[in-house]
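Shared chain: chain A. Partners: chain B in the first complex, chain C in the second.
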Partner chain A sequence: MSPVIEIERVTKRYGQVVAVSDVSFALAPGISGLLGPNGAGKTTLLKLMAGLLTPSSGQVKFFGQKLRRHPQLYRRLGYCPEQNELYDFMSGREFLKLSAGLYGLADPAQAAEKALEQVALSAQAGRLIRVYSRGMRQRLKFAQSLLPDPEVLLLDEPLQGADPAQRRMLIELIRQLGQAGVTIVISSHVLYEVERMAQQIILINHGRLIALGDFHAIREAMDDRPHKVLLEVSEPQRLAALLTERELVSAVNLADEQLVVDIGDANAFYGALPRLIAENGLHLRRLSGLDEDLESVFRYLVH
Partner chain B sequence: MMTATLNLFKLSLRQLLGRQRLLLLVVLTLIALIPSLLAAISLWVGRPLQSAQLFADFDLPVVLPLIALIVSGSLLREEIHNRTIVYLLTKPIARSLIVLGKFAAGLLLIWALGWLGLLIQAAVLADGSELASQFASVALITLAYGAFYLALSLFFKRALLWGLAYLILWEGLLTNILPGVKQLSIHRYAAQFSSGSLGQKNAALGVLLAIAAVSLALAAWHLSRMEFPGETE
Partner chain C sequence: MSPPDERSERAGQAQGVIYQQGYRHYRGRYLGRLHAVVSLAWADGKRALGIGRGWKYKLGFFILVGILLIIALIAFGTNAVTERIGAGGQSRSFYPFANPYNGFFDSANGIILWLLFALIIPDLLCNDRRYGTLRLYLARPISLSDYLAGKALAIVGVLSAVLLAPALLLFLAKALGAVQPGAYLAAHLGDLGALLLSGLLFAVYYALISGALASLTKSTGYAAAGIVGLLIAARLVGSTVLAFTHRRMATLIDLSQLVGQIKSSLFGVNQPLITLNIQFQNGSQPVTPVIVQPYPVWVYLLAALAAVLLSALVIGWRYRREVDR
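Moving on, here comes the complex of A and B:
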């Protein structure tokens, strides 16, 4: 099956500034998290995919074609921009009906109501957008991207401004859409939220692709980097000495009954630990990795 | 795609006629009524102006281009400035149709204002003998001016300023100083169409239609190449 979106050696320059540099990847159905710090090039990359920008070099293909040359392809795409500007003089419902009309849908009113329900905005849909909160605007933008039942959804920071309950609801909705076979690219700097949704991550920094692939696969491929592991053990000082003696850890920190260690070789550490605990009569109450989350992976990869 | 373009046309009309634009509509109506006011003053001072004279001296060089500039110059520029254009560009509508849909709505308003001005002017002077030809002139002349200003608004951020500069400096000043420049002004062909001989009318008709077509084509071409980067990332 050919990829839904193909980015082939794409570079985007603004004068001397390189916003995206020689980036290549292909996306298939499912949820991909586009991650990177502010100014990394996330919005530029999404706009390149949405046909709002053209690459300085390389090419972006949408179902094997260039979006700008084939505007009818927009019928298969939902785009939720980061910006909060909307047609403030309309009500939310009017905006969605209008957007559905612009998509050329047969029944714009029905499509608008369905999208309003999906983002739980039906109750406020009659109010002017002018009085909408940031969270409501966010949901309205998201709703307009859902109107054509798109095969591809490009979401630029879609959870910004939403309260915790709304975030949960939107995350669940995005997950459902991903499971239904929609190709979703979601940019965010709230990493733990992306981790809850995305099967794969695209990490960029300074316009360059840092890593791409399944989050856990990337994590496993990095097993030679130092990890922090927390241990709650009956005699933490003794365990610290044993681990250091056997060169299983590169650093130890003791606090109360907790021991935090930096490990270099995860296989050696986890292989030796059970025997060490048993042979020395120690009692291990808790063992957990402190940097298994996306934030830690991201920090490690970009620095 | 036609349904989508029709919806775009409706959106544009709503943007132009909505309550949020009330003040601008009042200003535009007042501009359209300037010749009628002058006609009323001329009657009051006992030196009534002729309808054709008013049309040639005020409607053609000032009122119609100004209305066309204010309406056409903001049609797409406002969408770009407000960053709402992204909701148009990511829909299955060719960018050329975005230009045409927007322009059609703007032109309708320009015509309505131009014709309203002419009707009141004719009522004030109690002279409607020129109305039919003046209506046709308004339709054609504003088509050319409107398309020209729409294209200008895509090429320049400060379209209103550039439009005014064209109107005042180019058409108002340079065409009177440098005779050759007159050939390159819309006003020359507008004047020929409204009061020239049959041959001149036909030639002016062709030029004005060509100006409109080329301007719209340039606008569509430029919009299709425009980029819309984000402010933040």
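Moving on, here comes the complex of A and C:
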């Protein structure tokens, strides 16, 4: 199956400033989180994918074609921009009807109502956008990206400004769309939310691609960073001594009944631990990785 | 599920029923790009007319339109007076203002129209680039040309309405006020045609020139000042050069003269240029009026066409640059 979006050696410069530098990757259906600190080049990369910026070098392909040369391809794409300025002189419903008209949908009114329902904005749809709260604008932007029932959704900080209930609703909607086979790229700096949605991450910093793929696999691949593991065990001091003696850990921290260890070679550690526990008559109550989450991966790679 | 009896009727046939298709990309009919252009023009047309806008825009728009209507009423009144005292019976080619319709668009109401252009055009063009909504438009299945066509349609449509509404009201008032309205209409059909054509000409001409200026900046304020400033400066420079040289070449400097002369020719009027004879001799400054004959109309047509083409090129260049950033 050919990739939905292909980025081939793309560089984007603004004068002397390089916003995106020699980035290459391909995306297939599913949810991908586009991560990076502020100014990393996330929005620029999303705009390049949406055909709204022209690369200084390299090329971006959407279903094998260049978007800007084939405007009809936009029927397959929903784009939710970061900016909050919309058409303030319109009501939410009018804005969506105009957007549906620009997509060329046969029944703009019906498409608008469907999108409004999807983001739970029907009740406020008749009000002018200029009186909308930030969260409502956010949902409206999201709604306009859903109008063509897109095959690809590019979402730039779609949860910004939304309250916790709205965030939950939007995350659930994004997950459902991802499960239904829509290719979704979601840029966010709220890592735990991306972790709840995205199957893979695209991590960029200073315009360069730092990591791509399943974040658990990326964490596994980071051999130079010790894994932190928490153990709740009957005799933590004894286990600490045993692990140190066998050089299975590089650092040990003891607190109450808990033992936190830094492990270099995860395979050796996890291979030896069960035998060590059994042979020494210890009782292991809890074992969990402390830096297996997305935030740790992000911290390790970016800082 | 089908009821059991229905299922038994179909027994023996291979059957399949889809109960839930799940998420699917839109597979309905698409209305095409022309529909998209019209949708955009319609939305922008409403925006330019102040529908859904804040009170500041509405106030500015309706005050200017109100002044245009008042000028139309005054024109109706003064024309009635001139007809009564006999000036209307003189040769129209010698007394151009005896034809009330020829005075529209570029005499007393000219400056009001310029202010309206400065209000409407930057608002429709600058804000989309300033707030990034241009990119939102372009993330739809429309090209940059479609977008610009929609904008042009909206601007020309609204400008035509603003230009023509007071003039048509005046025409209607005069027709209804005539002893024989039918006869008046028949006698002035040419005026009506010239009115509509010149209104459209002014709308296209000023839309492009103002649009080119607005495309140079994202600030509505700078664009508005630029539009009014350029038109006033062109008029001042043109008038000054004419006053000192008495050469008709000066009429090509004044941007409003280009379309003004074409309009007069549509009304069948030879509109001479009246300036002052300014001399500086022996410290005295005798000032006497001088009449300068304009060029043939085709010269103004060519000059206006050049201005329009140049404006279109500037707009295309600026937007292409914006999109290709």
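The rule is short, and it goes like this: the second predicted complex is superposed on the first by the 300 of 303 C-alpha atoms of A that agree within 3 Å, B and C clash if a C-alpha of one lies under 4 Å from a C-alpha of the other, contacts with A are read in each partner's own complex, and residues count from 1 in each chain.
Keep this in mind: a contact is a pair of C-beta atoms (placed from the backbone, for glycine too) under 8 Å apart; a residue touches a chain by one contact, two chains touch by 3 or more.
Computed from a prediction, not measured in an experiment: that's the story for all the values here.
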item	value
Fit or clash - chain C, chain B, common chain A	clash
Partner chain(s) touched by A:182 [first = chain B, second = chain C, both, neither]	second
Contacts of A:74 with chain B and chain C, given as first, second, both or neither	both
Touching partner for A:216 - first (chain B), second (chain C), both, neither	neither
First (chain B), second (chain C), both or neither touched by A:47	both
Touched partner set for A:91, first chain B, second chain C, both or neither	second
Chain B versus chain C as contact partner of A:150, first or second or both or neither	second
Touching partner for A:39 - first (chain B), second (chain C), both, neither	first
Doubly contacted chain A residues - partners chain C and chain B	14, 47, 50-54, 68, 71-75, 77, 79, 81, 83, 85-87, 89-90, 98-99, 101-104, 108, 144
In the complex with chain C, residue positions of chain A that touch it	14, 47, 50-54, 68, 71-77, 79, 81, 83, 85-87, 89-91, 94, 98-99, 101-108, 111, 128, 130, 144, 148-151, 176-177, 180-182
Contact set on chain B toward chain A in their complex	1, 3-4, 6-8, 10-11, 14-15, 18-20, 82-84, 86-95, 224, 227-233
Touch list for chain A against partner chain B, complex	14, 19, 38-44, 47, 50-54, 68, 71-75, 77, 79, 81-83, 85-90, 98-99, 101-104, 108, 144, 156
Residues of chain C defined as touching chain A within the complex	22-26, 28-33, 35-36, 39-40, 43, 47, 51-54, 131-133, 135-143, 146, 323-325
